[in-house]
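Chains here go by letter, A, B, C, D and E, matching the order in which they are written, and residues are numbered from 1 within each.
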Amino acid sequence: QSATPGVSKNEIVLGTILDQSGPLASNGKQFRMGLQLRVDEANEMGGVHGRKIKLLVEDDNYDPKKSVLATQKLIGQGNGIFAVIGRMGTAMNNASMPVQFEKNVINFLPYAAARSMSEPPHPLKWANQPSQYDQARVAAPRLMKQNNLSKACILYQDDDFGAEVLQGAEAGLKTIGKEFVEKTSYKRGATDFSTQVAKMKSAGCELVVLGTIVRETVGAIVEARKAGFNPLFVGSSAVYNEQVIKLGGKPVEGLYAAMTAAHPYLDAAEQPVRSWARKYQTKYNEDPTVNSASGWGAMDAFLKVAFKVGPNLTTDAFVKTMETMTFPPDMFGMAELTFSPTKHLGNQFSRLSQIQDGRWKVVSDYVAFSGLKSVKDKDGKLVVQSEFFKDR
Amino acid sequence: MSQDFLLSARNLTVRFGGVLAVNKVSFDVHRGEVFTLIGPNGAGKTTVFNLISRIYTPTAGSIEYEGRVLTEQPPHRIAALGIARTFQNIELFEHATVLHNLLIGQHVHHKSNVWAEMFFTRSVRRAEVESRENVERVIDLLDLQKHRDSMVAGLPYGVRKVVELARALCTEPRLLLLDEPSSGLNVEETDDMAFWIQDIKNELGITVLMVEHDMTLVSKVSDRVLAMNQGEVLAMGTPREVQTHPGVIEAYLGSVEDVSFLRRETV
Amino acid sequence: MTTNPPPVNGLPVLKLSNVESAYGPIKAIRGVSLQVRSGDIATVLGSNGAGKTTILKTISGIIDPRKGSIEFKGANITANEPARIVQQGLVHVPEGREVFPLLSVHDNLLMGAYTRSDRDGVVRDMETVYRYFPILKDRADQDAGLLSGGQQQMLAISRAIMAAPDLILLDEPSLGLSPKFTKEIFEIVVRINRERGTTILLVEQNANMALNASDYGYVLENGRIVMEDTCARLREKDDIKEFYLGMKEAGVRGERRWKKKKTWR
Amino acid sequence: MRFIFKTDYNLDINLAKHSGHVFWYSVLMLVLVAAPWLFAEYWLAQLTFVLIYSIVGLGMMLLAGFTGLFSIGHAAFLGVGAYTQAVFVNMGVPFPIALALAGAVSAAVGVVVGLPALRVKGIYLGIATLAFGFIVEEVLVRWESVTGGNAGIHVKPPDIFGLKVDSGIGFYLLCLLVTVGATFAILNLLRSPTGRAFVAIRDSEISAQSMGIHLARYKTLSFALSAALAGVGGALYAHKLSFISPDQFNIIQSVDLLLMVVIGGLGSVHGAFLGAIFLITMPQVISLGKDWLPDAIGQAPGLQSVVYGAVLIAFVLFEPLGLYGRWLKVRTYLQLFPFYRKGLFKRQKSFQKSDRLR
Amino acid sequence: MQFIQLVIGGIAQGCIYGLIALGFVLIYKATETVNFAQGELMMLGAFCGLAAMTLLGFPFWLAVVAAILAMAAFGLLLETVVIRPILGQPAFSVVMLTFGIGYVGRGLITMIPNIGTETHTLAVPYKDEIWNAGGLVLNVEQMAVIAATAVLCAVLYAVFKYSKIGIAMQASSQNQLAAYYMGIPVKRLNSLVWGLSAAVAAIAGLLLAPITFVHANMGFIGLKAFPAAVVGGFGSLPGAIVGGLIIGVVESLSGYYLPDGFKDTAAYIVVLVMLMVKPNGLFGEKLRKKV
């Protein structure tokens, strides 16, 4: 046996670092349970080539420093870990990746949707989440065009997450020759959006891109409705969340969100999702969410690669195999993931969902953001064209 | 200004809202004398001290000290000018030892240079030893040896009074302001205090300006006495003169000398 | 209470037996036993650091004794809550004034009467106090922290009077008062004692005053009681005369140099 | 019990009061220098963080513990230092120069904050520093051309005039050097007139002033020194983490720094170190303990903050003098053994007095 | 019109700050400590209300009363268990304690399975209602905050100014030792104050719930209430409200008329400016020790 960290005769040790007690503890917890569910399933079936999976969870409180320490702890402890899987948060990943790469530990499908998860390229970086940047880049121009709107605004959280959405949406608008007429931001945790809404209202916006997360999304939309300001709202996958509906109620009807995996509604049509959800429910005594699904999916992907590598699991072999992987769409409706030596971001698609009658409804097919280009049509108008472009 | 006057106050006036705490008070303190302020409670004695040490700024009037207008100096310069004081209610550094308190008294005699101090250069060390020697002299004078390393917080009231005097002496002043040095001391300790004040005047050559209620001490040590009442000067002169001044007796001393009337037997 | 019966000098209202108190490792008083009879004025003499203040603080529950017990009006109050002790009618005028600096003089007095519920009595006592110390009336609305030292001392004593207690512990009431007011204070103390029958335990550096005003005296040295007697007799003792009344044969300067230290041990 | 017969004032001035001090601190130094070869890399990284936080802690201690000025925005200085270092190092400035600049820039900012501190105290000062912390964080976010805004910036490894320090061991030794230097500087300062002036200001401003201490000057100085140390710590932090973003220097970080010195023991240099050890090891201990608990508790989110808070409460309740106070008691106990008396450390009743009038 | 609407929005937001600041000032006036857990108490209050409505099925008004009572009891308990043992220690120790209490409070709520990590809404009867007055939008939720703040402030002001207990509370914060000497039951008053301030926190939490939702981190809004209290002068109840209003309005106007980033820092800039101009705040006492 080679001295691959975290791999022993009958065990593969993986680590994950999630916020379990900080501002995003809720998401972190759901993601962890998703991961763990898949681990337990795999271990019940005998593990991977005779090796059981062991998942070590660390809490970083959504704090980069703690994340680095946790990473160091995971890779330094005992036999180390084979990979960090699904680490949460952009800053946490950015801070920790150099530390683990020094020790040749893979960063597998982080739970963060930023470009830096796959760029600049590194053999140990593997990501599956289309970045907020790309989601916004596709969604914004598309809705503008579809609804024949002319004025767009953006409300974004002034941190790295918000910046991704802002830059993406700006790039997207540029493809149709437009700019935001109003850009306004807020600080994480803000509860008062009156001035931001007032600004956008007086700018006469018809589309508002939301670089917001759950509570702020609802807060802003409710404020807008009260002020009699009713544009189209569209958010990134961060707003694609049951919570938004639960908190927002009536006012959030009609909100669009970019997304990939669909929310696992328990009465959902597909049988496999239903039985998966039931399993989850019995195990944790709560309903699964899209975060649980993402966690489950990330672990599932890992298992598939590990199986394919075979009994001789080494980091090199894993990377080699990963470079050839294609994952078919999963039951949650995640798009096909393809990887190659030059392509470490598996998913290049996202789609749109809208809140209708208190539920998220998928309203478009997958759209690729890589093949996006703008063309002049015969009237001289700019049109977005893509080989994948296909409205429902 | 004559060289004999170390300090002279002219028409000092302070008003706090409706209270005229000090009203047109003028006096001169000669070099090398013990000058005492007396007066009923609330007469404005402490306020005069506070004016000299620049804790308050006068509403009108001025103070000259060694030819300088004191009222133009910032408060922290006062010590460097050679004026030290004690406080009526004792203001020591409670969480430090007596020694530490006294060393702080030496502060004005150091040009502190942060960089040199960080490396604790030879000159800093030399200055430290020198401070310590100066402090030890004061400790010897005031018999504080056995309290040297005690925390101030645990000392009895009387000892604290002495420590405060010692701290003031450590600034090596030319003018020493003592606010009720004997309050809280018993007869014997007051006697000690009297000797010390005389030593300070005669041996160290320090001019003393004092506020005091114990007339025995006042008569024993003062060269001149100024009596105040309600912020104004009531009388000035030798201790004897002032003590026999009818206004002073009326407002301050009270008439009955014998206190045996308090006894139950006499009722 | 003003309605108290005239003083029945007799039964001990306060009784300390074998009390020992310490600050951390430092024992401040040891084996102190003393009694104050109802209607009396008792005094404790002692030099600096002898432990006088410590005795008073131990009585009023500010520090808990290590050993011994304290009885007040027949009930054991050892290590009780200070607030409870005050409610039982024992008030302490502390060393160092301890006024409420940011409350007005009037509110300070009102706080003195915190334990009382008879409004009329409070109003009456407020007037009495203002009569004793007219300056307090002039400054009724001023923050107490801005009073002069002596004025604060007056306020501290007045607050105790406002509580209309059965026993007052007075810690150096004349501290910082002018000679005239020192006499007046003692007159007031004696008057309260006579008129209201309030028992008083007095600690005072001005031994002359204290011994004249009190009925019974204790002498404290290094935390132990070394002498006790009626004040009339104490006044006649040579040691007391020399060390507390300042009647030395010769006030020679040289004498201090080799310090004749008094000690009874 | 050890009795020392003093024969020279220098004995009181020296840092080491007796040969025992010399011996034990030499042993500690040896262990620290040998640490890279004694401990696993993970523990070495922890130790590096401990050293970095100790430097910051020294600064906090100087300000809060010795001058009595409490800052609830100290992470801002950490941030200023970290960003200064990042910007200069990334520009190619050699490490020592960048480090000095980081300290200097932080100190300059410290002076600016110190100015309002001259007029306010207590809670007002706390809020002023808190406010200042938020403003600095916002500046770091908005000044994108330099700081890279919210996206954060990566920091190159230290380069000491051509000598690259990119191993964990090298960097550890570098931190050790800086820490030892800073510690001696602070210890020396504290036994000099300046240190005494700080303590005087802490205890009574009015009498400090009457002793000729220039309040404004020394308060500003305290702020500047404290900020400089935080800045140096921040610079090292930037290297250790190699990626910094504004939200790493937020209010939570500031509160952590404050807790660090309180738990370590306010008013003692040892406290800064003990506090740093505590701050870094606490989360590790919690996550170790997690596995022993039933899942419902062990895996529950929020456990960490409950334990953290509970430990803090326990400290304030049972050991207000912090870890250092506890150590002193243990030491006294050992020295007095077997003569230790039970009442020796019994807490006295004490009474709160208004801080508003100081 | 726009301007007036902004000012109204600012006033509403300012009242929220003021309401929380009231809690700070209350504790400060009576114990001279700063309660950094006030925000967490508020959060607990909101969760209490939530629990009463969803778990116990209480109607809204009953739930309000229940939450206030529960929190008052909790405040008493808190004082007895953690604050009292160190009563008399320097105020700073208590400040540190409140940090600890904040951490524990937030953590414990987060630990409740399925509830703690989620965001909830409180079904108040007036949710999302608005009044339209001549083109101005008045939000009923915010009006409720304004009204409650005014009433609370007046009541507390009267208590501190005129009642014996209120004065005694201030007395014990200024000189605890003297308070003991006067027979003031310092411990009991302290409990009372903590109970009271927890009740005030509960009211704030319930009023805020429809505006900010109920979640474990809702207490962080307290960070903006500090500047409010300081601007008004930390020891002054009306000051807390005025400070809150100033900050709310400045935030609102700077949010609209100034570039991004100013809205979030406005509170802090205002407080710094205030401390330079008037170090003790608008209504703060001018404090000077007399020696």
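The criterion applied here is as follows: contacts are C-beta pairs under 8 Å (C-beta built on N, C-alpha and C of every residue); 3 or more make two chains touch, one makes a residue touch a chain.
In this text the structure is predicted, and so the values were computed from the model without any measurement.
Peer 1: Which chains sit in contact with both members of the pair subunit B and subunit E?
Peer 2: Expected: C, D.
Peer 1: Applying the contact rule given earlier, which two chains have the most C-beta pairs between them?
Peer 2: After tallying contacts for each pair, the winner is D-E.
Peer 1: Can you check how far apart subunit C and subunit D are, centre to centre, with Cα atoms defining each centre and the answer in Å?
Peer 2: Taking the mean C-alpha position of each chain, the two centres sit 48 Å apart.
Peer 1: What is the distance, in whole Å, between the centres of subunit C and subunit E, each centre taken as the mean of its C-alpha atoms?
Peer 2: 44
Peer 1: In whole angstrom, what separates the CA-based centres of subunit A and subunit C?
Peer 2: That gives a centre separation of 76 Å.
Peer 1: Distance between subunit B and subunit C based on Cα centroids, please, to the nearest Å.
Peer 2: So the centroids are 28 Å from each other.
Peer 1: Where does subunit D touch two or more other chains at once, residue-wise?
Peer 2: Touching at least two other chains: 141, 206, 301-305, 349, 351, 354, 356-357.
Peer 1: Which residue numbers or ranges of subunit E touch two or more of the other chains?
Peer 2: In subunit E, residues 107, 110, 113, 117, 174-175, 177, 180, 216, 261, 264, 285, 287, 289, 291 touch at least two other chains, as defined above.
Peer 1: Going by the touch rule set out above, which residues of subunit B reach two or more other chains?
Peer 2: Only 46, 55, 87-89, 91 qualify.
Peer 1: Taking the complex as given, what residues does subunit E use to touch subunit C?
Peer 2: Spelled out, the residues of subunit E in touch with subunit C are 164, 167-168, 170-171, 174-175, 177-188, 285, 287, 289-290.
Peer 1: So in the complex, which bits of subunit B are touching subunit E?
Peer 2: Touching subunit E from subunit B are residues 46, 50, 55, 87-89, 91.
Peer 1: Considering only the defined contacts, which subunit D positions touch subunit A in the complex?
Peer 2: 40-43, 45-46, 49, 141, 149-152, 154, 237, 240-243, 245, 247-248, 252, 280, 283-284, 287, 299, 301-305
Peer 1: Hey, which residues of subunit E end up touching subunit D in the complex?
Peer 2: 28, 31-32, 34, 82, 85-94, 96-97, 99-111, 113, 116-117, 173-177, 180, 216, 223, 226-227, 229-230, 234-235, 261, 264-265, 267-269, 271-272, 275-276, 279-281, 285, 287-289, 291
Peer 1: Applying the document's contact rule, which stretches of subunit B touch subunit D when the two form their complex?
Peer 2: 53, 55, 75-80, 84-85, 87, 91-96, 100, 103-108, 110, 112, 114, 117-120, 124-125, 127-129, 131-133, 167, 171
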